[in-house]
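Working notes, structure below.
Letters A, B and C mark the chains as written, and numbering starts fresh at 1 in each.
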Amino acid sequence: MEIDYNKIFTRYDLQTGEKEQPPQELSRDPGLREIIDCVVMGDIQNITEVVQKNLKTKDPLEIIYRALIPAMEHVSRLWEENIFYLPQTLNSSDAMLIGIEICEKKMGKAIEKKGVVITHTAEGDIHDLGQKIVNAQLRAQGYEVLDLGRDVPVETVIEAVKKQRPLMLTGTAGLTINMDAFQRISNLLREEGFDIPFACGGGGGVSRNYINSLEFGIFGKDAREAPKMATDARAGLTWLQIRERYNE
Amino acid sequence: MAKYTKMAYDSAEEMIFGTAKFPVKYGRDFEVGGGIVYPELVPHPRPGSEETKKSLMREYERMVNDALERAVNLGFPGIQIELEHVWQMTKNPDWGGDIAGQTRKQQEDFYQKYGLKSAIRATIADNRKPDEENIRDCKSLELALKTFESSAANGADNLSMESVGGKEISDYCIVRQDIRGVLFGIGVLGSRDMEFMWKKIVDIANKYGATPGGDTDCAQANVAMFMAGGMLDKSVPHTFAAVTRAIAAGRTLTAYEMGAKGPTKDCAYEDPIIKAITGIPISTEGKSCACAHADLQGNLIAAVCDLWSNEAVEYHDMFGGTTPAVFTEILGFDVALMNTAIALGKAKDLQEMFINSDLYRDPHSFVVAPHNAYQIGQALVANNTDYYNRARAAAVKSAQLILADGKMLLSNFEKEVLQKTLRELESFPDKESDFIDQCVNAYKKVIPGFNPANYGL
Amino acid sequence: MATVDLNSVFVRYDLKKEVIEKSVSTSKDVLLQAVITAVVDGDEDAIPGAVNAAFAAHDPMDIIKDGLVKGMAEVSRLWDEGVYFLPQTIISSDAMLAGIEICEEKMGKAMDKKGVVITHTAEGDIHDLGQKIVNALLRANGFEVVDLGKDVPVDDVISAVKKYKPVMVTGTALMTTTMTAFKKIASRLTHDHNELPFVCGGGAVSLEYVNSFDTGIWGKDAQQAPGMAEDAVSGKSWSQIREKYNG
């Protein structure tokens, strides 16, 4: 029989609709356009070839700053507006990073990063997908990421902070029982005299309440917030100011 | 005031969830009783957040957002949010008003962005103390009325209350198993106070274009029901609490006679009787209000609902998100099942399941089952000469129905209580004025704060 | 509606435990027995006759001790065993208190109480039925109750404590957002070096919350109040009482 489903549920996801994807005025140069298309489409198969072709006529820095990065910024915007899904965004990020690597090789040195962020997944926790997404987001926005991996002992995290002096530290956890490690990290940071934002997020158990009970703790609702928080840290905001901005 | 003298429905069979004789439209494209059931989510702030207006507003902003976001994420067609006032929101009319305004903005935003249908019920706290002050002229009344105004002015669609008239008598008498006092406190005093209050509420609603919603005998019949509790509890006899519920129907009906349009208040378990009489859409709560309290009609009470509520859930984190999000999800899928039954033409089948689940679980569920609620309603309208006689008739009918159904098993003690209650009800005078005289004399002696003038007596 | 087997749907546990017959023989003296019976039956109307008749052979203190209080003890037993419900207990308590009043009149002075307990319902809360039940049970057990009523400001509780020097204070609240007053009361009392047991209960009031502040003891139901007051009179500290009931 014919059922009127409108009275049972509403497909809000269909209503948002797909919008035009291709980048419009990002660049008028046909060569750079090709690179931009590759990044936006997340085309990791062809990015190498396209970048190398362009390197024959263009400066590596021009390729990075006028094609790879603007394209990725466009992708981030599409994700923000819920037009792109996560996999599209991650593929774009991969494509961009491949492109940058090629350009850096050509230059013989790495481009200057905005700053270092240390990321890790809590001691006792092997679910690091969230962290991987954070890594990709940070890298796509020009940060150098020191990825400590998963199930990272608290001491290792502190050692890395001592060595690298990062702009920001992030922690991911899937379950509440592993969050206890965050508390110990917060304590040790204070003992060692560090004053950096410690952005934490993850599975259902990781709550704003708990994270805000920790000194330095900033609750991250989703991975998209990580680069924004790093940018704030870079601009000189204290951890408390960043917490106010995102958690109040 | 027009009193109900006949039933809105020709039979109990005709009553079903999602449809009422007189649907109510308000809010953002939101219609209650117009063919489908919607969830009504009631969030409650954490202790401490009520310290300042700023922290309480922030708490509400988060709670409401979490609920609306979950509703969209799971594709629920619409939702009503109840702002059930903590006393600070009523004591400070600007708090209640500003929270209503903030909630309206949030709902408008979700409506514009996604088309999520929505509405706001503001339930103002009744902080009057009947045994300590003149409840027809006191600061608490003045503040409550101001808060009704500020709420309506700022966008509350439905104005509701849990009025407490007669509570000083019913509190004393429920724990003494005194049916006379319960009938007096709820049936007579409660109704008289509602007549006073609801004239004012309806006037305010009309002034601002809001809808006067409804009232509930939370302060009285729910006290009896919660004290009766579960199968192991020995506080108040369950049969006594069930008869108290029938009396409450007489009282709560007064709001609709004074011009309230519904949807009714969720915690009014007498609402199936109200719907049978008035045809007004009702809000009920059952299994999915376990976050707030336990009751024995978890499924049955959904049988004729138009909104489906969680009563109240304090704001906390759970694995599945915050409590407003989680309970929006629970309620949303509860009503999705009901709406699917409607769409498949199987609503009566699902209703039969709801009813049979709990009909004989407890005398309380028994009296609010649609076919019994309908008969209690009939007794009520047939005796609607005054507040006393209609409430008494409802009480007598409920006791007779329980005793007459052999499947409604009772312990010897419970049965004795019920038989005694019925005998007492039948022994009371027929004239309301005689009953009132008798009660005023009796209860003035034992309840020092009882002031008949509070009820125009 | 079809006839259905609902055994798989619910079980009526309340019917499984049918009640024990009540036994009322607790005194060989007929006059005192009449007093006891009136209390056990909650028959307040029979109390004046029974008590006045007993004056012929007993002095008022004996009638209180061996009649009224003994009858109430029987009621408590019946309640504990699930024979009596709360209303039976409350009306018996009303009857007993009426009897005590008559005896006190005869003596020309009030009987000695075990101690004073101050009870109140939290600021912002007008739901005081729980407190009323606590009052009745405390009085039935020989305590003097100072009833501050409902919606009581913190200051009023503090000044009442100074004035009446109670053995215990109780607080009742229905809503979590009104129970926050309890913490304020506790800290004011301890600040004044007043380490009275402060029993809190009702509605949404949780053990976790009440045990989060010094002197707070969580009351699960009204029935516990007299036992806690007895402990306080016997010199137990708030932490010992908490350990006993909340530990």
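FYI, contacts are C-beta pairs under 8 Å (C-beta built on N, C-alpha and C of every residue); 3 or more make two chains touch, one makes a residue touch a chain.
Just so it is clear, the structure is predicted and the values come from calculations on it, not from any experiment.
Looking at B-C and A-B side by side, the one with more C-beta contacts is B-C. Farthest from subunit C, judged by the mean position of CA atoms in each chain, is A. Our note on geometry: subunit A versus subunit C, Cα centroid distance of 62 Å, whole angstroms. Spacing of subunit B relative to subunit C, judged by their CA centroids, is 31 angstrom. Once the centre of each chain is set as its mean CA position, subunit A and subunit B turn out to be 50 Å apart. Taken together, the subunit B residues at the contact with subunit C in this complex read 44-51, 86-88, 91, 126-129, 132, 164, 171-172, 174-178, 219, 223, 227, 231-232, 234-238, 240, 314, 352, 355-358, 360-361, 409-413. Residues of subunit C that touch subunit B in their complex: 1, 4, 6, 9-10, 12-15, 18-19, 79, 82, 84-88, 90-91, 94, 124-129, 132-133, 149-151, 175-180, 204, 209. Of all the residues in subunit A, the ones that touch subunit B in their complex are 1, 3-13, 15-16, 203-205, 207-210, 248.
Subunit B meets subunit A in the complex at residues 35-36, 58, 72-77, 114-116, 317-321, 336, 339-340, 342-345.
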